[in-house]
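Quick heads-up: structures coming right below.
There are two complexes below, and they share subunit A, which is joined by subunit B in the first and by subunit C in the second.
== the complex of A and B ==
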């Protein structure tokens, strides 16, 4: 493998600066001691981080986002596991179509989903409720949960299960003691990726969240629409810090590349 | 046991039938309903909204802007993302992983936080980008970035860049380094290797990345809403306004359905093109 020349490395440095600049700027401005947007030069201050405590709507939106992500990802994984086992193990008519259907929320613009859910939930009386948010978030995170559970279901060595059966284990014991523990890593990474995607979702949620059920990204978006001040930069800096921490843990545990590309992408071809 | 796979898929099927197919069908139906300031939504079947969306020059301009922005975002992402993926792929072990994390990581950071960063960088005449450009002597007067298409394109390119790098990176992983070495051994210069060996093989990756970036750019909401503001409307921000400010849901539904149809056509066409031209690569 040949090495990169000086031109390539210069390009790389510029590219990485471009990718990081807006993220770092938010974090810098959050430490300003002034009452307006400015870059802290000689003095740094945490005043805008303390100020978050005086805005309960950000705090409650944060907890709501956390619960929403945790619950909807857990249900999405729960639905994905049987579907992944079916897709990985059986060849049945409609298999391709079903896989495409379950992956379709990746292709449908979240804007269209948001509008569809707004209309649907208003009609059935779930408009602006937390239940509605959970249902809609299950739909948008299912592809992530399914992709990773499917990858681990495909990679499963069936001979271990056959061995258990030949040793007299019943079907439910095989499922509980052999199959589920073996797909567990895929399950956990699927849940984590689903959680992050739910936690960041804004385009669809902005349509269905009402005052009182706003998630953190929606609250931030609506705040920025009115005005941009150091408070929203400190909230964003906290969100960035939490995401980066989660990212590092995920990368250590599963490898980010595997998580994002997914090994099962080309399976069946 | 023939029914087993279907039984296992039942929970997911029920969810998708009830919470995806029904709402989407209702939205398509909604776009044919009538609406009035005082009477609200009337469940009749008329073509008024579709006629308005397809014939009014305001909507033409807005859809043209949406696809123009998406086109330039896709172009910039391919132009700058593909070389970076190649450079990344040639890096040595610890750096490769670190920079892959740095470049793909932003994908998982809130879009609102990333766009806020661009709003701060652009911000008025004193924005950091203008200061830097003037400091380098590239421009003499500050350029307007906020509330302009250029600003939306730059911010969206940043937001969607990881998808392009990811797609090209994935196709680079399938590349056999021996082919490159063979070309070098046969006397090809580095530029020839890049143009004749690497580029043709990663082209499907670039194209599939371009389809993803284009679809996401054309339907992006938070970034054009924050950087473009209320004056610079694209299809998604217009639909948002119709739904949550004007409350003309049927018209908003028509805009959204038209956007969806246009995107399906683009994705389908691009996939056909890729499959036909690069069938030998996939085979």
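== the complex of A and C ==
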């Protein structure tokens, strides 16, 4: 492995600092006792962490975001698997159009999607419901789920499936015992990326969510419109802590590199 | 009637006939090689037997029954793929057991047969490993064991040794032949390597542009090639005054076709000569017996059996 020269090293340090600085500042401010955002400071307090307990809507919004991300990502992955297998394997009329359609939510500004969904959901009676949130989040996260699922479906050696068929496996057995296990790393990383995007989504959701169905980012966004105090920083610090913990667990269990870069398991050659 | 019969088998891709009216009968227990350059239709033929490609016309019969009417999963053929196509998420034993599981063989018998077959290919101690933990040659044996364990009616080998290095390939050729003789499975090998085809098979089918140019025992095809294509594909040839002569049949003589040695290459067990003659450049191969041989620039005379 070649070592970095001094210029490259400086660049890397600057780049990583630039990425990490805002996160560190937020965590830092969360531990200040002031009623406003003060930085730097030399006085420390857990006051704003205790304050979260007085705002149960933050906690319920957190759980809602978690469920919303988990459900919409799972459905998005469920839709992506047959789509990815079809796109990866067959040349059929409308194949390009289908890919473009699945990817199109990436091109459309979330602001536009938000207004469109607001109008649409109100029309069909889903305005402000959790179901509406799930449906809209599926649309937004499907490109991420499909991208990674597609990558692992394209990398699949068809002769492995042919081998299974020649040994007497029916189509459903091949799918269950061979194909799905082989694309599983792609599904897991697709789900994870979709989840992160759903959890993070605010521009569109702020239009669709109603009081009672607010997600955590929407709740925080609405809060800082009225208040400038470190409560949002302490909430952020909690989310960051949970994220770091989740990443550590995932890394131990699967290996982060494999999950996020999407290298599928066990292609031994 | 032969055990496996291909009758006027044709497969077109657009206007191009990948396989063009191929007729072939394979006897039970026979080892037949489909040999030819890439694009000659040998792999397409194999895939039609396996059921992964549908013939445009023609028939395939196995033991008198129409094979094309049977689904690929029900044909009971063992296939070894060029890429081995092992299941990467299963251990070696699970890979080999898969076919038996599909046949509904009971767990106890499955274990016995998997162990026996792994023993047969020399991998008795490797059942618990994953394919990625094994060398190319070992993965090749696992693929062979996986195909053989289901006691297939026909074993299909698709360029099985082409991913191995030269030395390993030679060893595997000998082993493959021994294993095939031991279990007696009717085998069809697809290869572009004429040495491999001749070393392994009872008969070879030399294919060119979708057609069989010659079908026969390797020795016969080598000695009496039916067409110039077969002659060239099976080994080095000289075309001298309209006659085809193998380089190893030409010797240095007292009299005969006069020429001058242009190049001489030493290859260990033999010498390879290029000799300028009045009939053009002639390639000569002589065994290395330890004796002194003509050098470059020497005047020589060439003789061979049957020379007019």
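As a convention for this text, the second predicted complex is superposed on the first by the 216 of 269 C-alpha atoms of A that agree within 3 Å, B and C clash if a C-alpha of one lies under 4 Å from a C-alpha of the other, contacts with A are read in each partner's own complex, and residues count from 1 in each chain.
As a convention for this text, a residue touches a chain if its C-beta (ideal position, glycine included) is under 8 Å from a C-beta of that chain, and two chains touch if they have at least 3 such contacts.
The model shown is predicted, which means the values in this text are computed figures rather than measured ones.
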(message) Is A:182 touching anything from subunit B or subunit C once the two structures are fitted on A? First, second, both or neither.
(response) second
(message) Contact-wise, after the overlay, does A:135 reach subunit B, subunit C, both or neither (first, second, both, neither)?
(response) first
(request) Considering only touches as defined above, state whether A:111 meets subunit B (first), subunit C (second), both or neither. (result) first
(message) Once chain A of both complexes is superposed, is A:169 in touch with subunit B (first), subunit C (second), both, or neither?
(response) second
(message) Once the two complexes are aligned on chain A, which partner has more residues of subunit A within touching range, subunit B or subunit C?
(response) B
(message) Which partner chains sit in contact with A:153 here, subunit B, subunit C, both or neither? Use first/second/both/neither.
(response) neither
(request) Indicate the residue numbers of subunit A shared between its subunit B interface and its subunit C interface, in ascending order. (result) 265, 269
(message) Going by the contact rule set out above, which residues of subunit C touch subunit A in the complex?
(response) 50-52, 72-79, 81-83, 85-89, 98-99, 102-103, 130-134, 136, 139, 143, 146-147, 150
(request) Give every residue of subunit A touching subunit B within the complex, in rising order. (result) 1-4, 8-9, 11-12, 15-16, 18-26, 29, 37, 78-80, 82-83, 85-87, 89-90, 92, 95, 98, 101-102, 104-105, 107-113, 115-120, 123, 135-136, 138-139, 142, 196-197, 199-200, 202-203, 206-207, 217, 220-221, 224-225, 228, 232-233, 236, 239-240, 243-244, 246-247, 251, 256-257, 260-261, 265, 269
(request) Could you pull out which subunit B residues touch subunit A in their complex? (result) 2, 4-6, 8-9, 11-13, 15-16, 19-20, 22-24, 26-27, 30, 80, 83-84, 87-88, 90-92, 97, 99-121, 123, 128, 155, 158, 161, 166, 169-170, 177, 215-216, 218-222, 225-226, 236, 239-240, 243-244, 249, 252-253, 256-257, 259-260, 263, 267, 282
(message) Please output the residues of subunit A touching subunit C within their complex, sorted ascending.
(response) 157, 159-160, 162-170, 173, 177-178, 181-182, 265-269
